[in-house]
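Labels run A, B, C and D following the written order; every chain starts at residue 1.
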């Protein structure tokens, strides 16, 4: 059963130095508050996994918390480069970053295989592409019926997955809605999981029998962190701050402005500070 | 784009003698009206596919419409045997029935692989079981990373899939809710598809962004057949007639009572006759 | 403590007691479904019941006739597609306990629900395995409940639909399985558990009023008894009334609907 | 017919015209997204737009900054998980048209969005392929839109992120692909299509007011012109006003939110 606990305790108990960590969210519901707590607690040598490492992973890489990263698209969506990621790959600053690069389809299938407790995933993929030449974790498998050859990648099985969701009930059952990305798969594929939520409610009341629910016995820890996805968004709660994504380009371009920003907004901040993003927005539409 | 048409035309155009046909529905939303139309039109030599062939496939087998069947559980749920199925397998009446038998997990994965356009599905399955000894379509595949051996089955790719759903909009987009079984996969795995619905509405209005919707361009034909799932049920419209399932045992046990029932309730009936099951029930709860 | 109960009631209640509040239980239809819901309505209110139709955390007020009755979905925490159920939840290793019944069982708790007679020329064609083959291998442990009879408890199965302990001993481990397999078989006369070494089913508890001879007579193989055999505690008043209530509600709910002429 | 428009506007509008009402289109972010939505708001109101975040049949009022903006989900017919998107819809063969951009392209319409320089010691590390490798192989056909420049249209790609026509000719068929691959590349100066035999990109249409020399100068390889080259029709008043309106709404929507101090 999931324990409902503070974000500080949830991260302290479940994220360990050296862990393989997936903080997922496909633009929507990115667990910023939890990622900042990981930085504040000085976790190190993490192997980060994420389809779309965006600003949050730029921050983790920039502070030197990561030894490596498995990913499929590492940019600031619609804006440009992730400068801290580039600085790590191009100049090894603040430390070298070992990368394992895939396509979205392969990553999505690899999470899916992890959730399904399979050792690998297969896909019609990578045809004519160069990635298999530089990534030894892209192999092939032959259909025993037709003889067709398909691409194969190892299942993703994180030590811990961290996501943000709209709400949980008091038993720790979690509801996600909207663009749900690979979060369900990432949680089910992981040994441990932390879910930060906008609200804790008496009744989960899924809007449809087939809503995306994670039952309490499939989650390790739930933490109440309203606003915890900012500058990403929580469908029905507050919108994405596209302006912050645009502004991040200036902040992250320079090592010093980045470091100053981290000090002010992460190291000297607390999980509760995210609440202002939930509070200052227009009324809920959900 | 799906065409909205009569059930008679939909079956006439899309179900051909000799076809591999999947009429899916895991207890819920079984397309009885459409199956009866297939019988009325005298379609023959069908290869039937279904995880849980229940009364509807008992009827199709009993009238001699099927040359074979791929399935994973062939009983009358909670009641007992499917007598027409048994008569075909045990006594070849009214004709022999070639069977390809799997487990539920294998069938579900095989539909999933069909929807995903993969040639086969893999699963942790059949360990220590005898089915692989009698079914040459159960093979194995080896993980290229760990060397583990997994079971493999061919993807299911029906010529035509037939399902029943709660509602469609006027463009032919379809919504399913409740126990959705493998219907989405069965439709996406098929070359052609027919969906009968309880209602045709102006706006589909899915109750959640992540509702189970089949877009019009993924469906071949939509037919308005209220009550078309009876004695199965349509969540939010009318309940399952467990009493009819119990009663089927007597009807089907004997070849003559079966044949008389088919004449009265199928051959001499029309799709519109199903409307009484929709009409006589308690108010919608959806 | 009641004395007026049927063997089937004793079986269901003994099966219910095997479950705990923390179980995430994959429920087979029939006797398992009754046992799981009696557990939920007595000592294990927070047990998670899962039916293979995709309903998770369901709390039916009446017992379903099929594994996909609307009642299961209406009262579920959520409902997933059947592929997801078998991939993420069962194969994913999220189920602590699978609860199965069967037509035939052997001394190593292998089950047959496929055929009597040769597969190609069956004397009796049974429904088949359904979810059982992978329930048996992927759940943390398996409970089985079926009435003891010579037809059901047989020396040799004509067909192994789902593996229990195979040929006994470490057979499961040899096939790479990490789950426990059948750890308890609850019948209408007694409770059996596999011997720790040989894995042969052995009587560990006998229901009140049942003679050892009756157990021996109703088993198709020379059944063994454990060194220490206890008496199964008789049903309590609460257990019996909960079971009888749900059975009565169920009977009422499943009657009614007309014979294909009138709707329910 | 307008004469006052920018090359980027011409590019977007020419790209929009390539789409039809019946298309089911997998939309890349940036220029493709603008083109697809202009198509939807002009001649193809029933076009189905799909973004890889899982939104199907979306009708955004403003252009998304990312492929997962809330606007896409709010206006979608339905939204699926990302694994389902890539498995059932893209790999499932349900997408008629994929619309891609890229950092670099070669004469056979292969794209690079991964690195400049060696992969292990990149001079410039680009974001990577994202969905592109499988969009390129699994969609019925591919449109590409990017501005013509010597840096972008190169003789040899340092890295093939997604395959176009490979080494040209029947390379796709030889790899077992049954989809068409890139059938059109829309730039700010002209439209290119692969030669039917060699598959080399060839200029088939030149935008109004553009000289052939300017095209030659801005391409990194000796670019070929088709025997018959037409002039791209200039944007209509409707096309331009739709494009400018959506760009204005988009700009307004993406501004605002404070610098990590105040919420949007």
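The rule is short, and it goes like this: contacts are C-beta pairs under 8 Å (C-beta built on N, C-alpha and C of every residue); 3 or more make two chains touch, one makes a residue touch a chain.
Because the structure is a prediction, the values reported are computed rather than measured.
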> Higher C-beta contact count, B-D or B-C?
Replying inline: B-C
>> Using mean CA coordinates as chain centres, what's the gap between subunit B and subunit D in Å?
In response: 40
>> Using mean CA coordinates as chain centres, what's the gap between subunit C and subunit D in Å?
In response: 57
> In whole angstrom, how far does the Cα centroid of subunit B sit from the Cα centroid of subunit C?
Replying inline: 27
>> Residues touching two or more other chains, restricted to subunit A: which are they?
In response: 117-118, 123-124, 148, 178-180, 184-185, 206, 209-212, 235
>> Residues of subunit C that contact two or more other chains, please.
In response: 73, 79, 81, 87, 91
>> Please list each pair of chains that are touching.
In response: A-B, A-C, A-D, B-C, B-D
> Which of the residues in subunit A come into contact with subunit B in the complex?
Replying inline: 117-120, 122-124, 137, 139-146, 148, 150, 152, 154, 177-180, 206-212, 235
>> Could you list, by residue number, the parts of subunit C that touch subunit B in their complex?
In response: 29-30, 52-55, 64-70, 72-74, 79, 81-83, 85-87, 90-91, 110, 114, 119-120, 122-134, 136-138, 159-163, 166, 171-172, 175-177, 253-260, 262-264
> Along subunit A, where are the residues that touch subunit D in the complex?
Replying inline: 26-28, 51-52, 71-75, 77-79, 81-82, 85-86, 89-90, 101, 103-105, 108-109, 111-112, 123-131, 134, 148, 178-182, 184-185, 212, 227, 230-231, 233, 235, 238-247, 251, 261, 265, 276-281
> Residues of subunit D touching subunit B in their complex?
Replying inline: 22, 24, 48, 56-57, 73, 76-81, 87-88, 91-94
> For subunit B, which residues are in contact with subunit D within the complex?
Replying inline: 1, 115-118, 173, 184-185, 188, 204, 206, 209-213, 215, 217-218
